[in-house]
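Inspection log for the structure reproduced underneath, given as structure tokens.
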């Protein structure tokens, strides 16, 4: 309390508590995002384990039989690319909103949202038009099993981004530049920023997962 | 930062303007359990139709069952309808459309009497009570299945049930106990007490917490409905070729278990973040009550292990519906894959079931020994040690499976290592008992019973960790007796201790202590009389889950069965005591009946909305018994500025945004 | 025993100078009980502990169980003695509302406890590993490429699990398949356990052999029968409706009797053996219906090699 200009002694008990839980909520957003990534890693880990286990076992020579037509490389690359670009755009415009440019972020976030939704849509198309039967091989099983899960999680991330875009709308642009006059407004801005940071980290994590999955399923099987 | 300070109430997460209170709708339109049931029915019908529609022209593998897709989609959409009916999606939808999100704590209808227990309530104390009642119902249902199993085992050859009914009973009992009892302590006591014990007025994610509860009745009902589809013949483990081969009842198993996996992920997620971020000023890690440590450790296991279970159940479902071949050996899959995934979850799961028990007894014994907890840091380290090690032992379930024989010494070592942190729990107990002033209250009796039972359970576990000895014991009644000693004898006894200890806090009502003592002694005697002989039965060569056994084992099996019925009677005494004390007698219990220093006992019983009038400032640890000049555990009405000092200047997440 | 005996000092350490020496009292209570229990376990129970001594692996398991019981008993008795003593001596007396002494811990006690438990645990791990190696895998299924195996040429016996019975093939005797499990005395046996449908577990109780029968996997387990006599075979992995009824009986006979039995059974089952697929470590279950058809065509009935005899219960 010494290094800030705030004067805590002047706070009413209610404001004190509001500030306390406000800060707890900010930390909870930060912690929650990391914890969610941990849980997701273990969930994806089940599929990564299945991938490597079945590949090394190659039971009856049917991990990836030579007769198997692999998934469309162009589709997989495009989906992965869309997600990576979406995450990159979101990360780039995050810097803009940190610099106080709300509209720049809004435009960028919209682009990121459209790219992410396009990836989800394309993924659905790809799963509906697989060139192999799901049970044709070990590889086919892991592929058919993993991507719907990833798809649902990416879709949920996009819903989160959409919520953030809607949440940003009523916040005045000036609030990102200087401290708003009331606690309520300042808290709203800070919570939005915390949620946005958390989202960006999670979305980047999912983009990295998409790259790893792309390497595993399209390049090295 | 010269800003106006307005004494406005801060809002829940979401950061929206506090909306005007929602227009009052007639009760039957307000989201509650009846709308949830309606949603579930609609969802099931839609999902079933969708499954038939999608599956009508789908290529099938030989011998596969073509009607699984409608069942699975029906269940999944029924769950979606169920939670939609509860109003889970209302706030996210408001956020998505940019409408204000109401502050739930101020929602007028949320506070309304008994009805709030049938709603998607965001009050952690309501969720705790919902969990408590739910868990007792699930436990008793699963216990009745156990009675039925024991009835069948009265005779080696004469059958009460058909073999198909018997495997259904075995599967229902095992699965219901293992999956639903994961939340036995985290649900009721974790959700209810952890925020109070860390001095918080709220939890981090009330919506997630409430959702985690409302998924449990859905999972329970789906699992139960398996009986209508012919049950499932593979016990709680669901080993793969059998679970792929089995009829539609297996769909219920996979959906219900996966759903419960999601529920425990959500429950654990909320607890972890709450403990990390919402501790009151002064609640340092070194002052955290042992129970909170155990909840934290359990929650870590839940959040990290359960996703693997969800993955495994998902693979069963895809193998059964869209005909993937994860577990089909001839098609490039492997049945070992399932065993690995399942036990990678399954072993942490048994510690999900053990750690809360350690936490409860460690919390209770200092109160009734009137002494500080001996070796506080050792106890916390023991729990953390168990948590970490439990991820590295899963292949001891596969010692005879033919998998990785070269890894056996390693898994033997890790399994035996886990007895070191577990032993620390005993060291802590024994140190606490040293020169204590032991008060034989009902919670203390149950805690002592837990230490006695878990000792047998733990030591028998060491026998199982040794590969040569395990060759005889694996898959026999010895294993079955072992884990009943750790789970039933450990967790359930600790849970009972918790009920007798904390129910006065949670409901402001005293449980009858005389009936409580009768309950304890009958339960303790008949529990041991049921499960101790089963070690011998197992060593004598009776495998688990059989309904025919060697005729020379009939006497001992009959003894066990009769003891099991008496054990069931003892649970009935508990239920009667619970219902009689909370519904009929309702004897008020004010204040702090156990003279406990726990922070939760410093507030009224039951705690007022918001738990504390002001954020308390914690001044000392919870176990400072016997120290005459010990400061009170917390300042419940701290002077102005103390709470503010705890947060201003601290780094915030917003600083990074 | 010696490691467990060291467990006594920890509680003795925090004893106050005044008053009775509780630690010594607990130790003196514990010591005779522990010694008696260990003697009883080793001498009286030991020879009768399951699974007996019918085979090398059974004897090895009996020895392991005995050793661990001897180690576990003093530990258990110590904890129970301590709790019993505490509950009697340190119970709250009438009218006493005082708190106990404010002992927060004792680093010496904690350090010695951790050391003792670590020593016991490490001993058990080393002991288990040595026993595993000595007993050639201790009768547990070691998978297709066993790392602990006996020298020489063991008798090969294939165990085929299916819902809900075991059949046995003897590849060194022309690969005939029978429902009888007959083994020679004093000869190492290699069980090759596999399954045609779901996971079963081949548990020859008195032989101390347990190996899961996984479809498509050749799970090998070794044992050496040491005495003649009968033994029970049970399925110990839940495999569906009739799991509980999946058991049969095997025999250990003298080497000459075994040779006679094998030769005569080989001749007796020659017609069946011709129809069966050639011996392999694993089988493709999809050929089962064809085999049954061929069997029916050849007019072969009874249990000899039938994969799904008609009297078996239908699949669930």
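All chains are identified by letter, namely A, B and C, in their written order; residue positions are counted from 1 within each chain.
Here, a contact is a pair of C-beta atoms (placed from the backbone, for glycine too) under 8 Å apart; a residue touches a chain by one contact, two chains touch by 3 or more.
Treat the numbers as computed from the prediction; the structure is a model and nothing was measured.
Student: Hide chain B: connected chain groups?
Tutor: A | C
Student: On a CA-centroid basis, which chain has its centre farthest from chain A's?
Tutor: C
Student: When the C-alpha atoms of chain B and chain C are each averaged to a single point, how far apart are the two points in Å?
Tutor: Result: the chain centres lie 32 Å from each other.
Student: Can you give the whole-Å distance between the Cα centres of chain A and chain B?
Tutor: That pair's centroid distance is 29 Å.
Student: Based only on mean CA positions, could you tell me how far chain A sits from chain C in angstrom?
Tutor: 49
Student: Counting only residues that touch at least two other chains, what does the list for chain B look like?
Tutor: Answer for chain B, listing residues that touch two or more other chains: 329-330, 336.
Student: Could you list the positions in chain A whose residues touch two or more of the other chains?
Tutor: 59-60
Student: Provide the list of chain C residues touching at least two other chains, using ranges where the numbers run on.
Tutor: Residues 216.
Student: With touch defined as at the start, can you tell me which chain A residues reach chain B in the complex?
Tutor: Checking each residue of chain A against chain B gives 1-6, 8-32, 35-36, 38-40, 42-43, 45-47, 49-50, 53-54, 57-60, 62-63, 65, 98, 133-142, 144-145, 149, 159, 162-163, 166-167, 169-170, 179-184, 186-188, 190-198.
Student: Where on chain B does chain A make contact in their complex?
Tutor: 1, 3-11, 13-17, 59, 61, 92, 95-98, 200-202, 204-205, 265, 269, 272-274, 276-278, 281, 303-308, 310-312, 314-315, 318-319, 322-326, 328-334, 336-337, 340-341, 614-615, 640-641, 643-650, 652-654, 656-657
Student: Taking the touch rule as given, give the residues of chain C at its contact with chain B in the complex, in rising order.
Tutor: Residues 10-11, 14, 16, 22, 49-51, 57-58, 60-61, 64-65, 68-69, 72, 75-76, 79-80, 82-83, 86-87, 90-92, 96, 98-106, 109-110, 113-114, 117-118, 121, 124-125, 127-129, 131-132, 135, 137-144, 146-148, 193, 197-199, 201, 203, 205, 208-212, 214-217, 219-220, 232, 234-245, 247, 284-286, 313, 315-316.
Student: Show which residues of chain B lie in contact with chain C when the two form their complex.
Tutor: 62, 163-164, 166-167, 170, 230, 233-235, 237, 239-242, 245-247, 329-330, 335-336, 369-372, 374-378, 399-406, 408-409, 412-413, 416-417, 419-420, 423-424, 426-427, 430-431, 433-440, 448, 451-452, 455-456, 459, 462-463, 465-472, 474-476, 539-541, 543-550, 624-627
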